[in-house]
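Common to both upcoming complexes is chain A, partnered first by chain B, then by chain C.
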Partner chain A sequence: MGWAMPRGVLTTCILVLVALACVPLMESRYLIDLSTEILVYVLFALSLNVIIGFSGNVSFGHAAYFAIGGYANAILLTTYEWPLFLSFPAAVVLSAAAAAFVAYFCTRLTDIYFAMLTLAFSMLVWAIAFKWRSVTGGDDGFVGVNVPEFLNSRVPFFYFTLVIVTTSIATLWMICHSAFGQTLIAVRENLTRAGFIGVNTRMMRCAAFIVAGTFAGVAGAIFAMYNRGVYTESAFWTESAQVLIMTLLGGMYSVFGPAIGATTLYLLERFANEYTEYWPTVLGVILLVIVLVLPEGLVGLAKRIRGHIAGGN
Partner chain B sequence: MDMLLSSPTFVFIQVLNSISLGMNLFIIAAGLSLIFGVLRVINFAHGVFYMFGAYIMYSISKEMELGFVTGVVAAGLGLSIIAIVIERGLFQWLYDKEHLMQLLLTFAIVLIMGDLAKIIWGTDQLSVSYPEGLSGATNLGVTFYPTYRLTLAVIGPLIFIGLFLMIERTRWGRLTRAATQDMEMLSALGINVPVIYVTIFLIGSALAGIGGALAAPINSPTPGMDATIIVECFVIVIIGGLGSLWGSFVGALVYGFVFNFGSVIVPNWQDVFAFLLLMVVLLWRPWGLFGKPEREGQ
Partner chain C sequence: MPQLEVHSIHTSYGLSQVLFGISFVVEPGEVVSLIGRNGVGKTTTMRSIIGLTHATMGRITFEGTNITRMAAHRISRLGVGFVPEERRIFPQLTVWENLDIARRPANNGNGWDEERVFSLFPDLRDIQSRPGGVLSGGQQQMLTIARSLMNNPRLLLLDEPSEGLAPKVVEDLRDQIKALKDSGLSIVLAEQNLSFVLYLSDRCHILEKGEVKYSGTPNDLRANPDVLERYLTL
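Moving on, here comes the complex of A and B:
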């Protein structure tokens, strides 16, 4: 498999991109904000999918890298008054470094142990953000992020997000469809056999973890500027669970499934919050449905329905 | 820090604090580990079970004024009933599915029960008073120490011994251990494996409830207490080794000491010390102090 996208996927991507680029023309603040937030979550969910869909491990602590990217970008921009073109890459590098550190420990384990350990590390990040008040603002959050002049209004910020997210997703696509991505799938499908044919499985799992952490950091760094602040909740394990649910709702083994899942879940949350304060219960019920009825997510459901129709004819 | 070097009494009190905290956490972590050992499910909802235990204690002992012991019993019974419903209604369909699906199922329970607790008990911090006769301090010769914390330090080991005897010395315990080894063979020999599963899940969950009820006078019941305790339990069982009773016992004690002495040496950073310890243990023994190395295909 090369880097080229199947024609149908490519057409869809271009259509979605054009539609998104036209969003500001509708002159609705609500729509622009909604699209910006969805773009960030789509990237976040797609980054997690590198670990789950391609290396077969489940990270329950992915929010940590989102939060590190966010805090680093916010602190460098505001406290240290770095320019954006330095602070943003620095924040991403820091997320990648943190992911590499955690990956070193976590890839010693697999399966449930791996999931628990990633969760424990993310709670360590949360604890540090919570306790290191002088730098992170503690439980008040880090507020008043110094966003550069040219991104200070809604429309330029939306385009900035669109460009970064699109570039990141294209990069993720290339990574996942390179020899590296294919080797990861081999590791996911059979760890022992992949090892027998000479793949350094632990190194591959480490690399997948780092790639995922890096792009979560990108998403976090954008979100910190969008929100003009970063809060400790962004590193809390429930946040990690939320992005995990986004990935699964869409369908983890497909490349764009998590994007669909992130969009669906985000819109559902917005919608549900207008009617009920019990969003967690709604989310819990969605999760029960995924686990008991839709283990392959929405993309799997679509395939099943299509199969039915084709079979009926 | 200076106090540690200059005052033996202070050190003694810190040692007791560590044991008391460790033993309270042991009760909860042992339930989590027991369930994992047999069912091979990591129950994220264990923390929310603990929270329900604490809330039930509040309702029974404070609102209904039925007394502290009734509260502990009610918490254990209440969680047993919840456990049976969840195991029979949901879990049993997932034993042959991927671990991920089981994890997510337990997380769905966390979300739904967390909201349920808010509906029933509200979002305020509630207070539970110490049981009668245990509210004062005991004279230990060198110093006075809160009687209730001392009681916790005694209850933990008693539960440990009880669990140990049950698993190691009874026929039922032998069957349970056999179920962890080869469930299909056990079933072929005519043993009703589902009954073992539901019983283990019930005992583990009841331990979470009892642990929550016992912690209620010290940790006021409040929303969000479930998230903290589950992470503490994870750290303990990873240090000790999942599925090992000894592991939870030693892991909980170690956690108690690191947490308490950490907070004395560098206040506020005790959580970070616990994680550092976790990393050291993992570098040395990735499967925990008393755990067994993972087998392929599990």
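Moving on, here comes the complex of A and C:
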């Protein structure tokens, strides 16, 4: 395993990047907003995949780090009037620190106990955001975020998001394809086996959790500026469930699967909301389809179809 | 000082006690075998040494360090390699990646790296980019041993390495383990294949119901067919 991308993947990435860079040329506000939101959710889903797809643990509380990144960036920019170049890294560091704190406890456990503890911690974050009204705005949300002048219109903000998300995804790719990523796969495959070849499995799972929390914080920090506000819903368990479904829909064992899942689910939500108010029902049906028909997600489906075509030939 | 000293260990799985005071020592460069039928405690002894199932009583020391309650990864880093039964590789990783994740440089600079591993197991060189999950049983066994060697152990625990392999593959494996022995590596071998054990071992311990019932050299065993009859025939 090395950092070099296979040629096909690299070509696809470049094409997608060029297409995204051209979005503002179409002069559609709707398209620019849609692309910005999708980019944020792509990064959010890819960050969760470090925990699920690489270290083999299911987190039901990933939204906590998204919310922490968002609240921290919003509060530092607005309440304390920090410049963006300080508030943004500080928000990311805070998300990473929160993830490290939670990981210390959660990685003592495995399987459903791990998942339940991540949920418990995320609901604590939600409760703090809900109750600490003087700082977070409580259930009214933290609104009126001071966004720097140079990002105050759609197009510059879109390019800012594109640069940050692309850099983050490239970093995630390198992390997942380094010796660290290989070892994480070994931990995912079998904790015991990895242990007796000298891998400190708890520390590896802890590191994966921190990496995931850090990049969720990046996504949250961008989203707070995009929305000009942060709301308690960002930390609620439904947000964690949504990003989990995005990851499962795309395919958790593939590096870019969650990106496809995030894009598909986000577009489905947008279009479904135009025809029905029962989006949660649609989401439930999607989850059923994933569990019953697409256990390896859309990437797995594409591989199966390719296999059938190759077999047919 | 013995390299490994297992002193009167008792090990249980929950309420079910499996080992009842197992004791033996391994001197540097020695191959010591644990033999016996299924369910006599060979694998549990190995698991107790490597820290996967901790002994509830007794003491295990490796090169003077008490490892009785130590975590498996710390025991591995001290220099104890473990090759479990059923060839437990990482099926999603390629052969090379399986080796790479276990890489740990030797202290003396004369340790195992992929070149040395491939010279012992030449078949692995040709299949290094294949996922572990598609390898044959023999290839998986070679990979499991090779992976342990990449950790540069000074003591290797081999749990039933010949189990389920074709006779020709077992013969090759026997020669490769002999080469490891000749390189000075200490080995604890748990096996049921008697000819395999007698060819490789310096000393043998026969286990029965979680206790050591007989200890001796391969020549002692050959000279005592009644012992073999009593403890090893089905």
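A few notes on this one:
By our rule, the second predicted complex is superposed on the first by the 313 of 313 C-alpha atoms of A that agree within 3 Å, B and C clash if a C-alpha of one lies under 4 Å from a C-alpha of the other, contacts with A are read in each partner's own complex, and residues count from 1 in each chain.
Following the convention adopted for this analysis, a contact is a pair of C-beta atoms (placed from the backbone, for glycine too) under 8 Å apart; a residue touches a chain by one contact, two chains touch by 3 or more.
Worth saying up front: this structure is predicted, and the values here are computed from it rather than measured.
Counting the residues of chain A touched by each of chain B and chain C gives the higher count for B.
Within the superposed three-chain model, A:T192 lies in touch with chain B and with chain C [touch as defined at top].
Within the superposed three-chain model, A:A241 lies in touch with chain B and out of touch with chain C [touch as defined at top].
Contact with neither chain B nor chain C is seen for A:A224 once the two complexes are overlaid on the shared chain.
Contact with chain B, but none with chain C, is seen for A:I290 once the two complexes are overlaid on the shared chain.
Look at A:N200: by the touch rule set out above, it reaches chain C but stays clear of chain B. Of the two partner chains, chain C is the only one touched by A:A179; chain B is not. Of the residues of chain A, those at positions 192 touch chain B in one of the two structures and chain C in the other. Contact residues of chain C toward chain A in the complex are 50-52, 71-73, 75-77, 82, 84, 88, 90-94, 97, 100-102, 104, 147-148, 151.
Within the complex formed with chain B, the chain A residues making contact are 58, 60, 105, 108-113, 115-117, 119-121, 123-124, 127-128, 131, 191-192, 236-238, 241, 244-245, 248, 278, 280-281, 283-285, 287-288, 290-292, 295.
Residues 1, 179, 182-183, 185-186, 189-190, 192-201, 253 of chain A are the ones touching chain C in the complex.
Of all residues in chain B, only 36, 40, 42, 90, 93-94, 97-101, 103-105, 107-112, 114-116, 118-119, 227, 231, 234-235, 238, 242, 268-269, 271-272, 275, 278-279, 282-283, 286-287, 294, 296, 298 touch chain A in the complex they form.
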